[in-house]
Structures are given as structure tokens and as C-alpha cells.
Amino acid sequence: MAPVHHFLYLGAFLFSTGLIVIITKRNTIMVLLGLELMLNASNLNLVAFNSLHPGSLQGQMFALFVIVVAVCEAAVGLAIVLRVYRQYRTSVPDHVNELNQ
Amino acid sequence: MNAPLILFYFFEAAAAIAAVALLFARSVFYGALLVIVILLALAGLYVLAFAEFVAVTQILVYAGGILVVIIFGIMLTSRLSGKPLVVEHTLPVSGGLVGLAFFGALVYAIALQTFPTSESVAKTSTTFDATQTVGIALMSDYVLPFETTGILLLMALIGAAVMASDNASKKI
Amino acid sequence: MQPYLISLLIFIPLLAAFLGLFLPATSTTSFRTLALTANVLQVIVLVVMLSHFHPGGLQLVELKPWITLNMGSWGVLKASYFVGVDGLSLPLVALAVFVLLVATVSSWKITENVKGYFILLLILNGAIIGSFTALDFLLFYLFFEFMLLPMFFLIAIWGGPRREYASIKFFLYTLLGSVLILIVLIALYVSVQEPSGSAPLVHSFNLLHMADASNFIPHALLDPHHISKLGPLSFRAWAFLLLVIGFGIKLPMVPLHTWLPDAHVEAPTPISVILAALLLKIGGYGLARIAFPIFPEAAIDLGWFVGLLGVISIIYGGLNAMASKDLKRLIAYSSVSHMGFVLLGLSSLTAEGTAGAVYQMFSHGLISAMLFLLAGVLSDRTANRTIAHYSGLATKMPTYTAFVLIAFFASLGLPGFSGFIAEVMIFLGAFKSSSVGGPLHESLAIIATSGLVIGAAYYLWTMQRMFFGVFNLKGQMSPEQLPDLNRREYIMLVPLAVAVLVFGIFPQPVLSIIDPYAQHFAEFVLRSGKSITP
Amino acid sequence: MTPLDTLQAHSSFFVICLGGALALPLLSFLLCFYVSEKYSWATSVLAPFLMMASTVCAAVVLYQAWNHPAFTWQRVWFSIADHTFTAGIHVNNASALMLFVVTGVSFLVHVYSIGYMAGDTALRRYFAMLGFFTFSMLGIVVSDNLLLIFVFWELVGFSSYMLIGHWNESPAAAEASKRAFIINRVGDAGFLIGLMLVWTHGHTFNIEALRALPLDPAWMTAASLCIFCGVVGKSAQFPLFTWLPDAMEGPTPVSALIHAATMVTAGVFLLGRAHFLFTPAALNVVAITGAITALLGAFAALSQHDIKKVLAYSTMSQLGLMVAAMGAGAPEAALLHLFTHAFFKACLFLSAGSIIHALHQAQHQSHVNFDVQDIRLLGGLRKKLPFTFIMFVVSGSALAGLPLFSGFLSKDAILAALVHWSNTGDAWHWVVLLVVALVSFVTVLYTFRLVWTIFNGEEKSTASLVVSEPPVVMRAPMAVLALASVWIWFSWNPFSFSGWIYNHIGAAKDFHGGFVSMASAAWVLLALAVAYASRGRKLDSRLLAQGFYVDLFSRKAIEQPTLQLADLTHRADKKWIDGFLHATAYAQVIVANLTGWFDRAIVDGFVDGAAGLAKSIGSFTRSFQGGKIQLYIFWAAFAIIIFIIWTLL
């Protein structure tokens, strides 16, 4: 069995990668993908920590709920993206700056 | 080096490489495919961490559900604009630096901690039927969050449907 | 029937005003009929009232609970619908009904916005009667304030060229007076309890209870048994002074009188009549009903001051009348002068003086109504009341001149007219005051007699300038504008002239109503005032 | 005395006659007003007729009341507390006689007016006011209490006002009537103060009741002097006499009735009624005032040019004599003179009126215009107006006090009283006596100066006029009055004043009249000689002609300051009181503006400043928020990194 901190290193890496994706990609869908990546990174951590306590299921449960929330987030997020796209004819988040006007 | 460990590193490497590739991907469609790779690799890692039910859910919900939706979205937007979705980058340097700094800080934090070795716990957990326990727990201890999650899903479903529909703006 | 007579008198006009709201604004006649009907009904009620009244104390009393508010440790706030008439109020109520009838007839001239005018007039009517009959301080104050607004609008909308200035001046002056009265009202409310004396403490606005020294809460602000001082005077004396100023503004008393000439000059004729004949009386009424009985020791201590103000008003008003160039302004100043007599008579604290003061209010109501109607005759015809623009009117308008002559001589106190009886009694009372323990020095009465000479001087001088000499007009008027009196003016003037004459020759019917009150007033104020003074 | 007693003492016929005498003039007043314009001529029949009936009633009253116990009748007028104000009648010898004189003279003047006022446009008002005047005067005469006397006193003043100003289109008449009333009012104010004193100390106004009260001399002096103020006003005593000469602006019959025979004597009559109130100190004041008035009037009469003004000053002088006699403690003498004076002075005025009327008629026919009252323009009228001449001489002789005329008797009585008074009192009483003697001397001078100037000598302005005697309605009253001016009606003996009137109008005293009568007869004849000797002379003195400038003085020193004071108060009202109010109003507006500015600049400024600060902070922070979501995330991540580093280290 692999040491727990390897899981954690991968989680940290994925999280950082997701962050970079969110910051740098000029496309809303890519940003959503980055978000999913970060969520998965946290899920990985939860599962890894749960494996240290075999009797309990809290980590896994948390991961499950995170997945469900991620589903919702993805669905609503995509809907927003579509809506925004129809409205502004763009999927570049910087172009949607109506609140700034 | 035993088989699970090899698998473990394989999955880890696959996820890490796919993530790096995602950073440089210029097409959204490729990005989505790379994310699927990552998700599947993570599902494998979950199995190795004795979380079979989570792993299955990961494959079913994420890889099978969310990503399909995302690819639909990609195709819809590209159909609307009529040109391929090529992704530009903003703040590539500072974004990368922040990400790296973040990673560095996390690694440093993880490195400071000492974790119990997984071998001492591994034996007891093999006899453990995780899926059944999860099912019982969901319907007993976690019934309230479970039901709440159902409502959340319903709301998200309706919300997404309303927002994505064409004539929504007219009705609201 | 009998117990509701006063309420009928108060609410007939208010009801009529309410009905008037539903009549179409275009129908001028309907409003005149409405107002006249209300007035005639009031006259009928008044006649019934007079037949039920027997000279003596308070009668036809109606006492109904109105506001009873339990305020826990602060006691119970209790105000009642408490009305009644006695020798002080009945003559004034009768006067009010009569003058308001005349004023309504005189309002035939009003042509613009008739609906608003008559509704306001009817509200004013109810408020005036209410003020004269209320025996609960809060109720009185309510009616008192209720008069203010209709009057303000009646001057401000239907008035002369400077009506805005005049009406605002009137409003501010009167409001100042009201505020001073309100201060005393609150102080009295805090200091007085219902005579039952048991817990819970009942604070009442009943004027009769306020006039009884035993009803004051011990050590309260205005408690007569434990007098606390503020500066040179006790709180009670200050309260008395506030009331004198508050009612003095209404009276009006020099130097708080300057709203009166302006308001009179600008107000339309019927409003001038009501203002002079009734509203001024409320000042005197308030002093006699509230200030003197509730603060008797202050009335004795400061009576000389009130009397002095009265004498100053008599002379100052007379001199101002002499210098006035406008006929209405002259009459307005003469009112100041005549109401000075009321102050002098009241402050004498003798039965003669008090009866004289009440009789003077009654008689001045009739005389000033007549004077303002006569001034209105002229301004209706030419809209010009400058004395210097007329001369020799006697040849052009002989009947008018005859009525002016009657009114002028009645006003300057010629025997045979009601003013004489009043003035003589006031003089006798004021002179006698010090010999029976009253506050006035003889010299005040002696100085006040100069008012008689001044009165004769300004009226006769006006007579000479306007009516005698060769007929001549100045200021763009033509003789055709000046026909003699018409029938409507006759109908208004003849009853007034007859009343002035009848009450001058046979004062006894009115005096027998006033007499028990006057006797009681003088005796009560002197006795309780002396018993309070430490 | 209860009404029942009086009814027993006096027959009901007497009561009816008394009522008739009082009520008929009032009826005349009312009827004259209600006669319509068309039938206004009827008033000139109606009014004299009613007045005649009244005179007859008065004669009956006089006959029945003479030397009987006084008739009294009282009713409650009004009452306050336990004090009752009564209205009542008290008829004794003096008032019964006065009643008769007033109604009689009034009747004659009414008759005379038929002729004199014929054609006047305001005939109704004229006769109405004459009736009202007579009623008021009778009221003074018969009233039993001071308050009622005051009431009628003022009413008399009112009717005098109306009658002086009868021709109100003339500015002079309007002015004179106004001044008469106001000056009378000054006196009346004093009278009123007297009433207050009486009420405060005596608690009654009834004269008989007051007489019975034990009274304190100090306030009696004060009260009587105050009442005397009223007398000074009404009887034209110094210093309130100026209205009397001015009052001559009224029609001449009015001057005869009101300003010679009756109204002005009301003061003297009141002094007689209330004589018991006057203490010796007060009487001294009365005597001195009377003497001064008599002297001033006599000298002023010497240099007047207006025929009516001469008579007016003469009236004033004679009133002064009466008042002086009152002051000397001889009310009988004063009242006697009052009665004799009433007849001869009325006759003199009517004669003057007859001259004026005749000349006016003549002027009217020949279209000449000059002032017919100016005696400098008259002369030699004896031939043209012989009847008037006789009347004038007879009544003038009575005025001058020539023996065989009534004036001699009454003046004698006054002189005798004064001689007695100066013998018994202080030394300065002689001065009063000397003044009165001088006045009776000067009286002769001005009377006969008038007679000679008008009737003798050459005709001046009137030469070309055709003058005829006035009609018989005017001549008859004059004749009656002239007849009443001889001694026989007052005393059988032409040299003894102590006749039936003198002895019965009061507690008469006999002052050994014989010597005084002789001396005064000689004195008057001497004066007549002097008058004849100096008949052509003129006494031109502005001081005398202007009535000692009292009028001017009162205008300058009293009227103008009063008017200035009035102007001052008016300006005070405008400037100070209203000015103060306006200043307060402006101050309020200024304060309001200040607080408004404070609100805007300071309070709002503070709030705005806080908002501005927030805004600038906001815009500073907003500069981070370019609407670039990814930049936010970048910064958030940056912050989290810092946070992590900070927690780890």
C-alpha cells in the first residue's frame, strides 16, 4: 500500500494545476474544468485520509457529497455559460464585465 | 515492489501528466478529454485507497455524467459561434507562479507532517465491505444530508433547465 | 332633548359642513341654504336653551367619558366631553349664534369657491360654540385650535390684497398663544388629580376640578400649598402670566395686538364680523373661565398688571385708531381699545367689574359686528376704505350715515346703547376694586376715563371727515358707485341696531343671567386667592 | 317713600301730566323720524303741537307740585350682586319749575323754528333732534340719581352735537359740533370719576339717599370737584368754554334753546341738586372758576363782531355768574338767575335770529351777499325792524340788569349773596365780589354797544336792501319771551328779588337786599351812561376777540400733541411692534438659512465626506476589480498563499 503522503502530493499537484487552469484559461468551460479538477483534488485527499481510519466512512461520505455538489455545480455552471454565451456572444470570462460598467 | 504499488504510481503518473497536459491544452475539447483521463486515474486511486463505492461513483457520475454534459456544452457553444474553441491564456506567468507557489506551500506543509504507515491499517480494512456499509450509512446516519442533496439536485436540475432554455428570458 | 341642547348647538353646523361635502360645488344657492338652515336651527335650539336656563350656576351640563387612558405608574389620563353653560358663557353663546347668522347673511356677497367658504364657515361656527361651552380643558383647547385653521384659510383665500401676510401673521400670533396655553395645560394636567384621591391617580382636564385648590397633587409643580418659585415669581404666577399672554393675544391686548388690524383689513366682511364679534371674546372668556379661577392668588398679585395692560390697551388702541387712515383699521383699533375694558373689568375682581366685562364682551360683539358690516358696505361698493377719499357722504347716503352714526355713538359709549352700561360698570368696579381687597388702584380707572374722550375724538373726527362737509370723492370713484343701503344690508343692520339699543336701555335680562356668575367669580377668586397666599 | 305713598300724596292726574310732559318730546322725536320724506312739512306742525301739550302738562305739574312734598318714583333699572341701580323721578319745586321753563322755551323755539327753518331739507331731523334734546334735558331735570343724570347729560350732549352740526355740509358746523361733543366729553370723564367716587364710598347714586348718608369730607371734596368737571364742560366754564362760541354755527333757534336757555344751564342745575355734596373747599373752587369765567366771557363779548358770538360769550359770562353764586353758597340766587336768564337770553337769540332771518330773506331777493352776522356791517335797523328792535332792547335790558327787568332781580340776588359771602368768609372773597360787580358793569357795556351798533346810527351794507319783519310765528315767541323778561313774574316788588320763586326753590336766605339793590341800580345806570358815552368806540383786541386764545392754546397744547401722540403710537405699532415681529421673523429666516447652510455644508458635508471617503476607498479597491474574475482568483490565491506561509512559519 502506497504511503498516504503520495496521495496528498498528487492532490496538491492537481489542486495547483486546477488553480492555474482557472487563472490562465480564457474560456469559461476550461475554467469549469479547472474547478472540477480542484474538487477532485480535495476528494482525493478525503479518500486518502479515510483510508487511515478503516472503521469510519466519514471521508468517503464527504467525497460522495462533494461529487453530488460538483454535479450540480457543473450543470448550473454550464447553463450559465450557455446563457452568457447567448447574451454576449462570448465565452471569455473577461468580456463579461457588465457589473463593472 | 508489488502490483498495487505499481498500479498506484501508474495512476498517479497518468493523472499528473494529464494535468500538466491540460495546462498547455489550447482546445477545450482536448481539455475535456484530458480531464476524463484524470478522473479515471483518480477512480483507480480510490480503489487502491479502499473506496470502491466512491470510485464507481466517480466513473459513473463524473466521467459518464458531467463530462458528457461538458462536451455537449462545448459542442453547443462552438456550434453557436461557428468557429473552433481555441483557448487563449491570460496571466500565464503570474498564474503559473502562483500555482507553483501554492503547490510548493502545500508540499512543504505535507512534508512537515508525519502520517501513520498504511500497512498497519491495511489488514483490517480488507475484510471490510465498504459498499454495503456506505449504503446503510446513507439511509441512517446520513439520511438528512442525503435527502438535502436530493433537493439540491432537483433545484440544480430545474435551475439549469430554466437558464439554458431559449425563451427563459421572456418568461422571467 | 334638554340634556343634548348644547351638543346640538355644537354639532348642527359640523354636521351641515359634513353634508356640504357631498353637495356639488357649482350650486351656490344650496350652500347658502345649507348654512342658513344650520344657523336657523341653532337659533331655535338657542331659544329652547334660554327657556330652560334659570339664572344661577352651571346648567344644561353634559358629561360623557371621552378619553380614559391608563398609563400605569403615570396614572390615568382622563378627558371628558364636558360642556355646560353659565352666566359667563350663555350670553356669549347667544351672541355667537346671532352674529353667525348675520355673518352668514352677509356672506351672500362671496362668489368664488362657495363650497369651501361655507364649509369652513360652518366648521368655524361649531368650533366657536364649542369653545364657549367646553368645561374640559383639553376639549376647550381642541375647539380653540379648531377655530384657527378655518379662520386662516378664510382670510388667506377670500381676503384682500395683502391676505397672505395678514393670514400668516394671524396664524403665527395665535399659534404662539396656543402654545403658551398648551404649556399651562400640560402643567395643570400633571399637577391635578380627580378628587377621589385613591389609587390609581386620575389626571383630569376638568376645569372645575382645576379651580379647586384641594385637588392639586401635593408638591406638584403648580401645587398651591407648596409654592415653588422660578425667579421672582412662583410657578403658578408664571402659569397665570402665560395664560394672560396666550389669551391676551386673542383678546387682543397691547402689545400683542398687531395681528388684528392687518387681519381685519384683509379679511372679507363676514369674517371680520366673526373675528371682531366672537373670536376676540374667546380671549376674554378664557381669562375669566381658566386663568383667574385656577390661579386666584396670582390673579390678586398680578391683577394690577393685567389691569394696567387693559388701560394701556384702551388708550393705545384709541390713539392708534385716531391715526388710522383706513376705516376698517380704525374700527379694528377701536376693538383693541374696547377689549382693554374687558381686561380692566375682569382684573378688578368685583362683581360690578366682572359683570361689566362680560356685558362689554356681549355688547362689543353686537357693536363691532355692526361697525364691520358698515365698513363692508363701503368696501363692497368701491373697494376703497381710505377715510381721506370720502367726504360729505351724509348727503349721498343718508340712511347709511344714520346707521354709521348709531354704530359710532354706540361704540363710543353713549348712554342708551349697550356699551355704556358695560363701561360704567367696569369703571365702577375698577375704581372700587382696592376698597374691597381687589388688586387695582383707583388711578387705573381714572386714567382709563381718558379712553372715553379719545373714543369720542376718533369717531367724531371720522364722522366729520367722511360724512360731513361737501360731497366729494377721491381716488377714482364715481358717485354712481355709492347707492344707499339695499334690503339685505337693512336686514342685517336693523336687528343689530335694535339689539344694541334694547340692551342699552333694558340691560336687566342679560345682567340677571350674568349676575350670579359675576358675584360668584369675584367672591370665589378673592376668597380662594386670599386663602392660598402664604 | 313707596310708590303707594306718592300716589296718595299726588293725584293720578299729576302723574299722567308728569308722564306726558316727559314722554311727549320723546314721542315727537320718534314720530318725526317716522314721517316719510314726502310729508316732512307735517313735522313742523306735529312737533310744536306735541311740545305745546308737553308744556301744558308741565304747567299742571308745576301748579300741583309747587310747595308740595317732593314727588318720587323709583324702579329698579338693573342690579348687580346686592347693588341696585335704580331709575327714578324726583320732582320738587326747583325741578318742577325747570320742567316748565324747559318745555316752555322749547315750545316757543319750536314755534319760532316753523318760520326760521322753513324750506330746510332736513326738517325732520331738525325737529326730531329738538324733541330728543327736550326729552334729554327733562331727564336731567327730573332724575333722582346721579347715574341717570349722567345718562341724560350725555344724551343732551349728543343732541347738541346733532343740532350744532345740523347743516353738516358746512365744514365749520361739522368742526364745531365735533369739538363741542369732545370738550363736553372731557368734562363728562371727570363727572364719571365723580360717580366712581360716589359709588365706592356711598354705594348709591340716589341723591336723596346720599344726602342722608354720613359722608367723609375728604372724598366729598374730591367727588364734588369731579362732578364739577362735568359742570365745567356742560356749562362752558373756564377752561372748557371754547365750544360755546363755536356752537353758534348751529341754527339760531338751536342756539337760543340749547346754548343759551337750557342745556348750558344744566350744569348750574346739577350744582343746585348736588349742592350738599360740595364742601367749603370745593365751593371755593367753584366760586373762583365761576368768577373767572364771568370775567373772561364779559370781556370777550366786548370785542366780538359776530352778533351770535357776542351773545354766546355773554351767555358764558352769565353762566359764570350763576356758578360763582353757587360757589358762594347761594343756590337759590343762582337758580333764580338761571330762570330769568333762560327767558331773556332766549329772547335775545331769537331776536338776533330774526335779524339774521330778515336780512337773509332780503339778501336772497336782491342777490347781495355779505355776512349778516357781522355787526360792523349793520346799523340803523331800528326803522326797518321796529318790532325786533323793541324785543332786543327789552331782553337786552334784562341782560344788562336794568331795574324793572328780571335780570336786575336775579343779579341783585347774586350780588347780595356774594356780599354776604365776602363778609363772612376769607378776605379774598372780596375779589370775587369785585369781579362780579365788574362783570355786571361790562355786561351793560357790551349789551348796549350791540343795541346801538345794530339798530342806531347809519345803515351800512343793509341800506339798499328791502327788509321786512319776520312772520308772526317768529314774532309771537319773541313777544312771549320778552314779556317774560320783566320783573313782575319773579317778584312783585321790582327792587326785591325775594319773590315767590326765590323763596321756594330752596332754603332761601335773606341777605338784606335793600342796600345792595340800590347800589346795584346806581351801578348799572352808571354803566349805561358810560356805554352811551362810548357808543361809537371800538375795542379792537385780538386777545379778547379770540377768547383769550384758550382755543388756540387747546389746539396747540392739547390737540396737536394728542394727534402727534396718535401718530407716534401708530408708528410705534408699525415700526416697533411690527418691526420687532418682522425682525424676529427675519431673524428666524436667517437662522433657518444658517441651519440650512449648516445642514448642507457641515452635516451633509460630513455625510458626503464619509460617503466620499468610502467612495474613494471603493474606487481604490475597485481598481483591483476590473471585472476580471480570473484576476480575483489570482489575488485570492495569492492571499491564501501568504496566509498559508504565515501559518506554517
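Per-chain residue numbering starts at 1, and chain names A, B, C and D are given in the order in which the chains are listed.
Throughout what follows, a contact is a pair of C-beta atoms (placed from the backbone, for glycine too) under 8 Å apart; a residue touches a chain by one contact, two chains touch by 3 or more.
Being a predicted model, the structure only gives us computed values, none of them experimental.
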| item | value |
| --- | --- |
| Steps needed, at minimum, to go from chain A to chain C via contacts | 2 |
| Geometric centre: closest chain by C-alpha means | C |
| Between C-D and B-D, the pair with more C-beta contacts | C-D |
| Separation of mean Cα positions, chain D and chain B [Å, integer] | 125 |
| Inter-chain centre distance, chain B versus chain C - centres from mean C-alpha coordinates, in Å | 94 |
| Distance from the mean Cα position of chain D to that of chain C, given in whole angstrom | 34 |
| Centroid distance [mean C-alpha coordinates] between chain B and chain A, Å | 7 |
| Numbers and ranges of chain A residues touching at least 2 other chains | 19, 23-24, 94 |
| Chain D, residues touching no fewer than two other chains | 628, 630, 634, 637 |
| Shared-contact residues (touching 2 or more other chains) in chain B | 90-91, 94-95, 98-99, 102, 106 |
| Parts of chain D lying in touch with chain C, wherever the complex brings them together | 76-81, 83, 147, 150-152, 154-155, 158, 161, 165, 168-171, 173-175, 177-178, 181-182, 185-186, 188-190, 192-193, 195-197, 199-200, 562-563, 565-570, 573, 577-578, 581 |
| Touching residues on chain C, where the partner in the complex is chain D | 169, 255, 257-258, 261, 316, 319-320, 322-324, 351-352, 355, 392, 394-395, 409, 414-416, 420-421, 424-425, 427-428, 430-432, 435, 442, 445-446, 449-450, 452-454, 456-457, 460-461, 463-464, 467-471, 507-508, 511-512, 515, 518-519, 522 |
| Residues on chain B engaged by chain A in the complex (per definition of touch) | 4-5, 8-9, 12, 15-16, 19-20, 22-23, 28, 31-32, 35, 38-39, 42, 45-46, 48-51, 53-54, 57-58, 61-62, 65-66, 69-70, 72-74, 76-77, 80-81, 85, 87-92, 94-96, 98-100, 102-103, 106-107, 110-111, 113, 115-119, 121-122, 124-125, 128, 130, 133-134, 137-138, 142, 145, 149, 152-153, 155-157, 159-161, 163-164, 166, 168 |
| Residues of chain D touching chain B in the complex | 628, 630-631, 634, 637-638, 640-641, 644-645, 648 |
| Complex contacts: residues of chain A adjacent to chain B | 1-10, 12-17, 19-21, 23-27, 29-30, 32-33, 36-37, 40, 43-44, 47-48, 50-55, 57, 59-61, 63-65, 67-76, 78-83, 85-86, 89, 91-92, 94 |
